[in-house]
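There are two complexes below, and they share chain A, which is joined by chain B in the first and by chain C in the second.
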Partner chain A sequence: MASSLRALFRRRSRTLLALAGIGISAALLLDMTMLASGLTESFGELLGAKGYALRVTPKGILPFDSDATIRDAAATARRIASVPGVAGVAPALGAQLYPVTGDSAREPVFATGIDPRGQMLYRVLRGREPGPGEVVVSEPMARDDRLRPGSVVSLASGLDVSLGRPRGTRRYVVSGVAEFLYDYAGEHSVALPLGEVQRAIGRDNQVSLFGVSAAEGVDPGALAARIGRVVPEVSVYSTAELLRETSRRLSYFRQMATILGSVALTVTALLVATIITIGVRERFGEIATLRAIGIARERILLGVVAEGLTLALLGCALGLPLGLWMARRLDRILLSFPGLPSKVTFFTFDPGRVAFALAVVVAVGAVAGCVPGLGAVRSPLGQALREEAE
Partner chain B sequence: MSLFFGLALAAALQAPPPGILVERRLAESVPLRVGDTVRVRALASGATPRPFVVEGVFERPADPSRIARNEYEVRFHLPDLEEVLGTRDRVDRFAVVLSPGASPDSAARWIEGLAFGTRAYGSRALADRTSATFRVVSRFHRAIGIVTILASAIFLLCVMIIRVDERKRDMGMLRLVGVSRGTVFRSIVLEAIGITVAGSAAGAGLGIVIAQVVNAYYARYYDTTLRFALVTPRIVVLAALLGLGLGAVAGALAAWRVVNVPPQRLGER
Partner chain C sequence: MSVISARGIVKEYPYGGDSVRALRGVDLEVGPGELVAVVGPSGCGKSSLLNVLAGIDPPTEGRVELLGRDLGALGEGERSRLRLREVGFIFQRFHLLSVLTAAENVEFPMAEAGVPKGERRARARELLEYVGLGHRVGHRPPHLSGGEQQRVAIARALANRPKLVFADEPTGELDRRTGDEIIALFERLNADGTTLVIVTHDTSVAGRTRRVVEMADGVVVRDGRAGG
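Let's look at the complex of A and B:
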């Protein structure tokens, strides 16, 4: 085995090149493994970040997928809360409001009406939850508009199309600055008490969705089914169902990851097989001599397989940091998708999956080394010695 | 007068249901045919479903921006949709046809000035905005392409070095019988170019086949006429040029290692 490994490093430039190739292939495979489930997992973490495992929406509609609302929201919330296993119900009503400066309105911001006692959309960074006449603003908005707790903002519910004047303008005191979990990078958002938004946009007693948290030990899937039975006019999605839908919409990336991962594995197998085949062919006489002096075929084969294994292992060692670096670069590209929450990531480092991917590369290396090794130990000994002598 | 109102009311009561157009995929899935009556209500409303007659079946335009959601679509007359949704005098957007020679940008600015709070886009600007997602996908593909090219280049260089190493003795003999370094160098580079040209041709052929498989798969998966993979002449030429360049560089690097060694040493094991 030692002689096989020495042979591998005798041809340094060739081995280094092979290692570089295997390293790049392993890095690509690693990235594709991380990409295949990355966004779905990361989105799942985001959905469960505030402990609300279920989303209750208007029938057949995904959260914030349309303008549709749940009517008679207060009674619906009470019916949901009465279902055994429900720990909390958080309403949310989405709307567009226009920040007003002087007489003119600016670009609309996404406004959400929430119940400050239980909400799932943001984490307060500075200040506190909003009370009546108060508003929480997103960090980018606070930064760009120089707002801080205590500042005053004017928000209009609409625009007069012919005069361009804001309509229904109201002044709010900023109670806090928050990190909005589902905002895209740099998005301006505000959150106000639910009643304020309902009044502003004329949707009294309506909400876009409810977040529902399950009591400890309660299975969210079973709870979703129970709520569906008690309130049949709504749709109830567990985090797992929302992730399935996200996964369906992102199936293109999963399929591409599978294809590119397979290509990376093929390239690795080809590289290792080429290097080992040539190495074995060059040492054909040496191997024949070893066999002639009584070294067991298994030991010789083991030596050749060890070459493939070593190449693949070293390639993986190179590929791991390279893959992580590439994942960061590729993530930066993909996160520029318009409207994507800035808190998600396309590439998630799952040690188990990464270890599995690298183990596959190593196994492929070992198998690729096995093929030329078997050829060398199975060839007729006399012919091999004669060829070497010639 | 009362007779007139009575007749109008009777006519209204007996009026056939309004018509809708149904997307081909939905028509196949339900299934629906022209002349069928369907009952429609807005999901979020508790209103009674209203009958509509299927007046036609349409094929959705091959729009990549709608492929991820891939929802079924139907087309209503605007007043009918307002009736179903319970809204009045509301639209999401207008499409505006300009007089020949009119500037889309000027018209857009004029409309925005006239109707405050609206946004008007020329078709090119709109296409630019809606294709932002695909620009990101394209950048991602390009990045992956660069990695793949790098791996291929290393593979090619590796193969060339191995091939040259295998024939070191022959090269040494050639040099000893008077064949110049330049000739040996050129022959190795030409060989590398030959390998890459053959590889590029095989790759282009394989690419065309894979593109067809990919398109057939996604056409079935999304039930769309969109084509996801295209092997254009430009791509083939680019791949061939890249192959030529990589082949020349790999050949030159492999040859450099041989021609700089004295011929006597090329025969050594």
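Let's look at the complex of A and C:
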């Protein structure tokens, strides 16, 4: 075995070049493994970040998928709260408001009406939850507009298209600066008490959705079914259902990851098989001699397979840090696409999955080493010796 | 008891859709302690005979007994173990493992035979000294001359104290003087009690053995003392 491994590095530059190739293939496979489920898993973590396991939306609508709203929101909230197992109900109404400077309005910001006693959209970093006439602003907005708790911001509910002027402008005091969980990088967002947003956009007693938290020990799936029975005019999604839907919508990512991962595995197998085949061919005489002097075929085969295993293991050792580095770079590129929450990640490091992917590379290396090894030890010995002598 | 007993050996090799007959009914007996040269022109079947006698190639017809064991009755694994423990091999191109030192090459068959590490180290050194390479134990084959490599190969062949050694053109890659040294080593080995069968087309080798088996066209045409 030791002699086989030494033989592997007899042609050092050739082996190192092959190792570089296997390392890159392993890195690609690793990235594709992390990509295949990364966004869904990361989105799942985000959905559960504030402890709201269910989303209640207008019938047939996914959260924030359209402008549709749940009417008679206060009564609906009470009916949901009355369902056994519900620990809390957090309303949210999405809207667009226009920051106003002087007489003109700027680009609209995403505004959410929330209940400051329980909301699922942000974490306050500085200051406190908003009261009447107050607003919480996102960090990028605070940074860009130089806002801090106590600052005043003017927000308009719409634009007068003919005059190009803001209308329905109101002044709000900034009560806090927050990290908005679903914002894309650099997005300007605000959150206000629900009633303020309902009044500003003329949607009294309406919400886009409710977040529902389950009491400890309550199964979210069963709770969703109970809410659905009590409030049949809404749709209730558990985090698991939302993830399934997200996963369905992102199936092209998985298909791409599967194809690229398969290509990476094939390249690994070809590289290992090629380098081992060349090495076995070069040592054809040595191997025939070893068989002639009585070294067991299994021992010789084991030595050749060990070469494939070693190549694959070293390739994985190179591929792991390379793959993680590539994943960080690719994540940055992919997340720069507009509209994606900056808190999600396309590549999730799951030790179990990563270990499985690397184990597959090692297994492929062993099999790829096995093929030329079997060829060498199964060839008729007398013929091999004659060929070598010629 | 014969060390080798071969009766009616026929060996055919497939060639295209047909077959080539390399051995056409060879009978051969080799007794303990003999030093036998198998000679003949290229293609006469010398190496084919060696492969059949050593259990490397099965005969198409005939029966071979090696050290009292019927090779036809042994499986591949048993023939392999027989070669490992009781037969030594020396080849024209040495075929040492180039990544191992001279001592490690000699130890290799002993490790396969399960000889303890300390014992095989001592024996490898002893054998390398026997073949005159006591000062080269730590050298790798690429740093040894052809003659030195063949001496290492001889030491490797002797590693498991074989009763019989086969050598296939052992001087074929060596100059005259080095070849003579190797033959002298074979003579010493034979004098120490090892049976040797040497396949060669080198007439000077044949001239130094007590028995010469001459082959032509796959049959033994003469079997007797050198020059006899």
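Worth pointing out:
Rule of thumb we're sticking to: the second predicted complex is superposed on the first by the 390 of 390 C-alpha atoms of A that agree within 3 Å, B and C clash if a C-alpha of one lies under 4 Å from a C-alpha of the other, contacts with A are read in each partner's own complex, and residues count from 1 in each chain.
One rule holds in what follows: a residue touches a chain if its C-beta (ideal position, glycine included) is under 8 Å from a C-beta of that chain, and two chains touch if they have at least 3 such contacts.
Note that the coordinates shown come from a computational prediction; the quantities given were computed from them, not determined experimentally.
With chain A as the common reference, chain B sits beside chain C without any clash.
In the superposition on chain A, A:A296 makes contact with chain C only, while chain B stays out of contact range. Looking at the shared chain after the overlay, A:I278 reaches chain B, while chain C stays out of its contact range.
Annotation: apex chain A, arms to chain B and chain C, angle 90° (C-alpha centres, rounded to a multiple of 10).
By the touch criterion stated above, A:R6 is placed in contact with chain C alone, chain B being left untouched. In the superposed model, A:L334 makes contact with chain B only, not with chain C. In the superposition on chain A, A:L46 makes contact with neither chain B nor chain C.
Once the two complexes are laid over each other on the shared chain, residue contacts for A:A105 go to chain B alone; chain C is not touched. Between chain B and chain C, B touches the greater number of residues of chain A.
Touch criterion not met for A:V371: it reaches neither chain B nor chain C.
Touch criterion met: A:G382 reaches chain C, while chain B stays clear of it. Note on the superposed arrangement: chain B and chain C approach each other to a least C-alpha distance of 8 Å.
Once both structures are placed on chain A, no chain A residue is touched by chain B and, in the other complex, by chain C. Contacts from chain A toward chain C in the complex involve residues 3, 6-7, 10, 285-286, 288-297, 299, 380-383, 385-386, 388-389. On the chain B side of its complex with chain A, the touching residues are 42-44, 46, 68-69, 115-118, 132-133, 136, 139-140, 143-144, 147-148, 150-151, 154-155, 157-159, 161-162, 165-166, 221, 257.
The touching residues of chain A, when paired with chain B in their complex, are 11, 13-14, 17-18, 20-21, 24-25, 27-28, 58-61, 66, 68-71, 98, 105, 158-165, 233, 249-252, 260, 263-264, 267, 270-271, 274-275, 278, 282, 326, 329-330, 333-334, 336-338.
Per the touch definition, chain C reaches chain A in the complex via residues 13, 47-48, 51, 54, 56-57, 76-77, 80-85, 87-89, 91-93, 95-100, 104, 108-109, 112, 156-157, 168-169.
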